[in-house]
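Shared chain: subunit A. Partners: subunit B in the first complex, subunit C in the second.
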Partner chain A sequence: MSSELCPPYAPFFGFAGVASAMIFSTMGAAFGTAKSGIGIAGVGTFKPELIMKAIPVVMAGIIAVYGLVVSVLIAGSLHPSNDYPLAAGFIHLGAGMSCGITGIAAGYAIGLIGDSCVRAYVHEQRVFVAMVLILIFAEVLGLYGLIVALLMNTRATTIGGC
Partner chain B sequence: MAYYSTYYASFPSFLVVVIALYLLFTDSGESFNVGRYLEETSPFVWGSLGAALCIGFSVLGAGWGIFLTGSSILGGGVRTPRISTKNLISIIFCEVVAIYGVIMGIVYSAKLQNVPEPVLYTRENYFTGFALFFGGLTVGVCNLFCGICVGVAGSTAALADASDPNLFVKVLVVEVFGSVLGLFGLIMGLLMIGNATEFTAGSPVTSRALAVPYVY
Partner chain C sequence: MADATAQAATRGALIKLLFFAATLAILPISSYFISLKHIWAGNTNYAAITAICAANFVLVVYIIMSVMEDRQSLKEIEEKKLSDSKKDR
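This part shows the complex of A and B:
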């Protein structure tokens, strides 16, 4: 029953990958949403007509969606009756952590950018385009993590049996 | 004065280095065996910890969000008492996070069926134990961050509402985006245990072969 390449504790690392993808990207998305939400509410106090520029909040939510996508993909290949190689478990752990920790970075950047750029927008409307560009660059950090996680996940599914 | 963190960080790392060197120099380096630890730890440990972390962290997040929002509502309500009833929606958004934790706690604890020790250690039970642990950790920590985020957003919504009543619905959009994070955690918690069976007794011959009860 116990095999060298597919030990029974291999799903521990697979599930750790699922959890880290979701947890860390939620951490980034929560910081981004809260921090930019503070700025957006502050804008509304001074100029209520500008408040629909809630773009940083949407982009922070997308970071959480990246984490959800990677988590769902990794969790889909975890099944008690499958022979799950330990190598696949470690690769899934790496994929989850890459998506999650880049999500922390992206969410942190989006939060700080959203807060300060929205406050600058109150004084000078022409910074709007610059704000969107900078937000896109911050968002793409999370996208890089998602790409690497997807690459690692496809590699993990092609690992042979026990 | 600001560098006490280096003192606090050096003691645990010192302990780790001392223990590692002790194991190395007494020729017992093989006793540090992650795989054997995972095999001989009961799946009930992981399952129970998962259910506990799920409800614990979710309620912590809900409470944190509620106090963040509530203190702003009460503070702003001193000058503008009209905000106190409408901003209870923000409190409810935070409370919903605790409800998610309760639901998942109930679902997870339903998997913790009583199985005697000699027939516990099957591949399926290991899988369920790990799934419950990481599912509970995911749901709990996602709800924790969601609760804090919704709390901060609700706090700013209350103060924006106090300055101008038309702003409340617009800042509520930020709160809705924040509460979606807890929902994602709930979805992942359900997906992770979707394939996991409840704890069932295995056959005595194969179950015992997986676990070594004695640590050398």
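This part shows the complex of A and C:
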């Protein structure tokens, strides 16, 4: 039942969007968690009571949650047994990649910030507020990617059939 | 004696961290599906926004709890200093 507008290879792009949202955001979250975890492990040898200051780790985890939500969102509107326009496939691919690759950027920033700020927190307590503020700015990079992914996904649902 | 309290402290911190990890894993995705079905009646965008708000809510609770723990440990150090100075007299 394929035609020009709904070729049989169109679901490839849609599912590539789902996969790329999850894969790339997890790469960013993994780097953020690992780099800040190294810093926290270094701090833990001096002051074990600072374990609850693992805020960069939680923020890196939220980057992965953004990728998960976009994956579930895009996958929810994919029904390969019906006709799937190629344009919708491209839109879903763009949405997944926008969320995923901004997740890499955000996770990279969170990792570097978390590492050095947690190490600085051992010497100076007032770095805490600055650390949280800077981490929030790094986090919203992933949030912007998610907002653009949501916007694109809304466009995909308004595309007509073949 | 100090070892036992140190062990209890690390166990409490471990339980807190495990609780937050489980909440961060379960709450956003479950809030997505539950709000999609019952609250927003199929509108996926609003359900995604609900999931994001839930994830950020967990983060805010974590930050607040770590700040409160900071204040409590500062108070404990002050009390210990007071009791030590009283003992010296």
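FYI, the second predicted complex is superposed on the first by the 162 of 162 C-alpha atoms of A that agree within 3 Å, B and C clash if a C-alpha of one lies under 4 Å from a C-alpha of the other, contacts with A are read in each partner's own complex, and residues count from 1 in each chain.
Keep this in mind: contacts are C-beta pairs under 8 Å (C-beta built on N, C-alpha and C of every residue); 3 or more make two chains touch, one makes a residue touch a chain.
Because the structure is predicted, anything quoted here is derived from the model rather than measured.
Peer 1: In the superposed model, which partner reaches more residues of subunit A, subunit B or subunit C?
Peer 2: Comparing subunit B with subunit C, the partner touching more subunit A residues is B.
Peer 1: In the overlaid three-chain picture, which partner chain does A:12 touch, first (subunit B) or second (subunit C), both, or neither?
Peer 2: Only subunit B; A:12 stays clear of subunit C.
Peer 1: Is A:144 touching the first partner subunit B, the second partner subunit C, both, or neither of them?
Peer 2: A:144: touches no partner chain.
Peer 1: Quick check for you: in the superposed arrangement, does A:44 touch first (subunit B), second (subunit C), both or neither?
Peer 2: After superposing on A, A:44 lies in contact with subunit B but is clear of subunit C.
Peer 1: Tell me which partner A:61 touches in the superposition: subunit B (first), subunit C (second), both or neither.
Peer 2: Touch partners of A:61: subunit B and subunit C.
Peer 1: Could you say whether A:72 touches subunit B, subunit C, both of them, or neither, answering first, second, both or neither?
Peer 2: A:72 sits against subunit B and subunit C alike.
Peer 1: Of the partners subunit B and subunit C, which touch A:154 in the superposed model: first, second, both, neither?
Peer 2: second
Peer 1: Once the shared chain is lined up, is A:90 touching subunit B (first), subunit C (second), both, or neither of them?
Peer 2: In the superposed model, A:90 contacts neither subunit B nor subunit C.
Peer 1: Jot down the residues of subunit A that show up as touching in both complexes, subunit B in one and subunit C in the other.
Peer 2: 48, 51-52, 54, 58, 61, 65, 68, 72
Peer 1: So in the complex, the part of subunit C that touches subunit A is made up of which residues?
Peer 2: Where subunit C meets subunit A, its residues are 6, 9-10, 13, 16-17, 20-21, 24, 28-29, 32, 44-45, 47-49, 51-52, 55-56, 58-59, 62-63, 65-67, 69-70, 73.
Peer 1: Sort out for me which residues of subunit A touch subunit C in the complex.
Peer 2: Residues 48-49, 51-55, 58-59, 61-62, 65-66, 68-70, 72-73, 76-77, 125, 128, 132, 143, 146, 150, 153-154 of subunit A touch subunit C in their complex.
Peer 1: Of all residues in subunit A, which touch subunit B in the complex?
Peer 2: Contacts found on subunit A: 1-2, 7-9, 11-12, 15-16, 18-19, 22-23, 26-27, 29-31, 33-34, 36-38, 40-42, 44-45, 48, 51-52, 54, 57-58, 60-61, 64-65, 67-68, 71-72, 75, 78-81.
Peer 1: In the complex of these two chains, what residues of subunit B are touching subunit A?
Peer 2: Per the touch definition, subunit B meets subunit A at residues 35, 38-39, 123-124, 126-128, 130-131, 133-135, 137-138, 141-142, 145-146, 148-149, 152-153, 156-157, 159-160, 163-164, 166-167, 170-171, 173-175, 177-178, 180-181, 184-185, 187-188, 191-192, 195-197, 206, 209-210.
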